[in-house]
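Structures follow.
Across the two complexes that follow, chain A remains constant while its partner is chain B and subsequently chain C.
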Partner chain A sequence: MRKLLFELGGTRAVAEMHDDVVPKTCDAVWNVLPVEGMAIHANWSSREIMLHLHGENILRLPPEGPVRRGTTAPGDIVYFWRSPQMSRGKQLAYSSQFQRELSELAVFYGDPAGGGLAADDPARSGRDSNLQVATLFATIIDIPKEFAQKCEEVRHNGLQRLVVRRLERSA
Partner chain B sequence: MSDQRRDPHVLSRKIRISFPDDGISAVADLLEEDCPNTCEAIWHRLPLRVKAIHDIWSGHQVLAHLDNKFVLPPENVLTYLPIPGDIFYYYRPHNYFRGSPYGRSESAEIGIVYDRDTRPQGPRGPEAVSLFANISSSLEGFARACEDMIYRGQKDLLIEKLE
Partner chain C sequence: MTRVKITLGSAEAFAQLEEKDAPKATKWLKEMLPIERQAMHSMENGREVYVVLDASDRIEEENQTIYQTVGDLIVYYKPAIFVKPEWPRHIRDFLVIGFIYERDSAIRGMSGPLATNLVGKITEGIDALAREAPRMRREGFGKMRVSLALMNGSA
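Moving on, here comes the complex of A and B:
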């Protein structure tokens, strides 16, 4: 099982990829690592921060794995993509390159994690036509308190740099 | 309504809501016909200088926590979806939610909806909120300042009587 390292504000968290459930998504994410950028806090789906993928790292992947409904658990890492035609208006300054398209890694860091509405977004789900994809591909095991605290600080203090790396076996 | 109710022919009272550090403000009309008791209670608490934070469940909405002793019963409860510019009062009692959302096990707050795609809700889903005011001018600039909180975090919010 491959592992990912998340670094945020001097804190770290390790996630295990779900290679056995969504191998293609895991491969695609793995191949763009490392990625970094300014993490932004969710405003619909509770305790979630997101890292938007930029430039050559933008991923446009098809759905994979079981259809998810309902809650997203603390520690879940979701690959999310939304077609430009699905969003009203431009997405904002953090991803000017995308305008209306979203390609991101979403980290659900806390409890309660709510319904994960942005990641699943049943009201605007375009999954049947592949206009929107939300694939759970990794989970942080035992989220370090300091890491969760740093995630929460994003909504109090604004954007913060997040780095996602491969955690190689020797690391 | 009691005989203390204001004459409905008198123009509604107005409040100014501002982000002083941004030099941004908007004017809102109190909905005294539909939400008289909440309007009255809030009017008498003004001016309020509070810390506003962006909501994480509801969409395009910011909120400010008040003193927890400022408890008002539900009134003019929002039926379903608010419109941009709606301002509401909300109270959740001690331990209403598991844990302490926003670091508080109990919370009295004012919420401001600044764009569409918004539904006041918490961890359990939609919440009943008392709609007591609506922004009647300068919403666009104020909305941009609210949205900016996603990127820059909390801001001081000033709510004043507009005599």
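Moving on, here comes the complex of A and C:
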């Protein structure tokens, strides 16, 4: 089982990849690591921070694994892709790339995870619409309290650098 | 006809209170003003900014809607878990006042739509709020102030 290391504001968390359930997604994510950028807090899906993938790191992956409906839990790491069709509103403050398409790694760090509008908006849930892909590919088994606290601070204090790297055996 | 001024960071906006359709809530709100509190961005409803209020009196349901839209100034009880990761366990919700600055938003409770008291409509400055709120989301949130506006628009 491969492992990932998440580093945020001097704190760390380790996630185990679900190689046996979603091997193609795990391979694709593994192959773009390490990635880093400024993590931003979720607007629709409660206690979640996101790392948007840019440039050559953008992943456009098909759905894989079992369909999940309302079962997001703290510790889940989800690959998320959003179709340009899903971009709504004026989004005056966002880049043109963000306004068209979104490819990200989502870290659910606390309760409620995945709650709110994301949970019951048909266009945001499930894969029936083909407007988005949300694949659970890794899980932080025990979320360090300090890491969760840093995630919560992103909500109030703004962007924070997040690094995601392979956790090799020697690390 | 009462107008209130909403200040968020460098953005200013004005809202017309819904005194005809929400007489009790708007009367209560006017007595509360000015309000200046730490602003928070919704993490469950989309493009909503709000502040938590201290209110010992229970606010009645009035002029409610589950179909919030851009420019709505709303007062409601937000589930506590959406406000703080940890809170006194006997507290289930917090009274908040907030506004919707973009489409693609809807107020949610723990299990679906949440009705909110519509107390006003933002009539000026919504685009300024729609720029300032995402900026604060990236750079950190400051305070939001709601105050009575004078006839010439100042507060």
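The criterion applied here is as follows: the second predicted complex is superposed on the first by the 146 of 171 C-alpha atoms of A that agree within 3 Å, B and C clash if a C-alpha of one lies under 4 Å from a C-alpha of the other, contacts with A are read in each partner's own complex, and residues count from 1 in each chain.
Rule of thumb we're sticking to: a contact is a pair of C-beta atoms (placed from the backbone, for glycine too) under 8 Å apart; a residue touches a chain by one contact, two chains touch by 3 or more.
Keep in mind that this is a model prediction, so the values were computed, not measured.
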Most chain A residues touched (candidates chain B, chain C): C
Touching partner for A:Ile40 - first (chain B), second (chain C), both, neither: both
Touching partner for A:Gly158 - first (chain B), second (chain C), both, neither: both
Which superposed partner A:Lys145 touches (first chain B, second chain C, both, neither): neither
On chain A, the residue positions that both chain B and chain C contact, one per complex: 40-48, 88, 92-94, 111-112, 115, 155-159
Chain A to chain C touching residues, read off their complex: 38, 40-48, 88-94, 110-112, 115-121, 148, 152, 155-159
Residues of chain A defined as touching chain B within the complex: 40-48, 88, 92-94, 111-112, 114-115, 154-159
Residue ranges of chain C touching chain A (in the complex, touch as defined): 40-47, 81-82, 85, 102-106, 108, 110, 112, 127, 130-131, 133-141
Of all residues in chain B, those that touch chain A in their complex: 53-61, 97-99, 101, 116-117, 123, 125, 147, 150-154
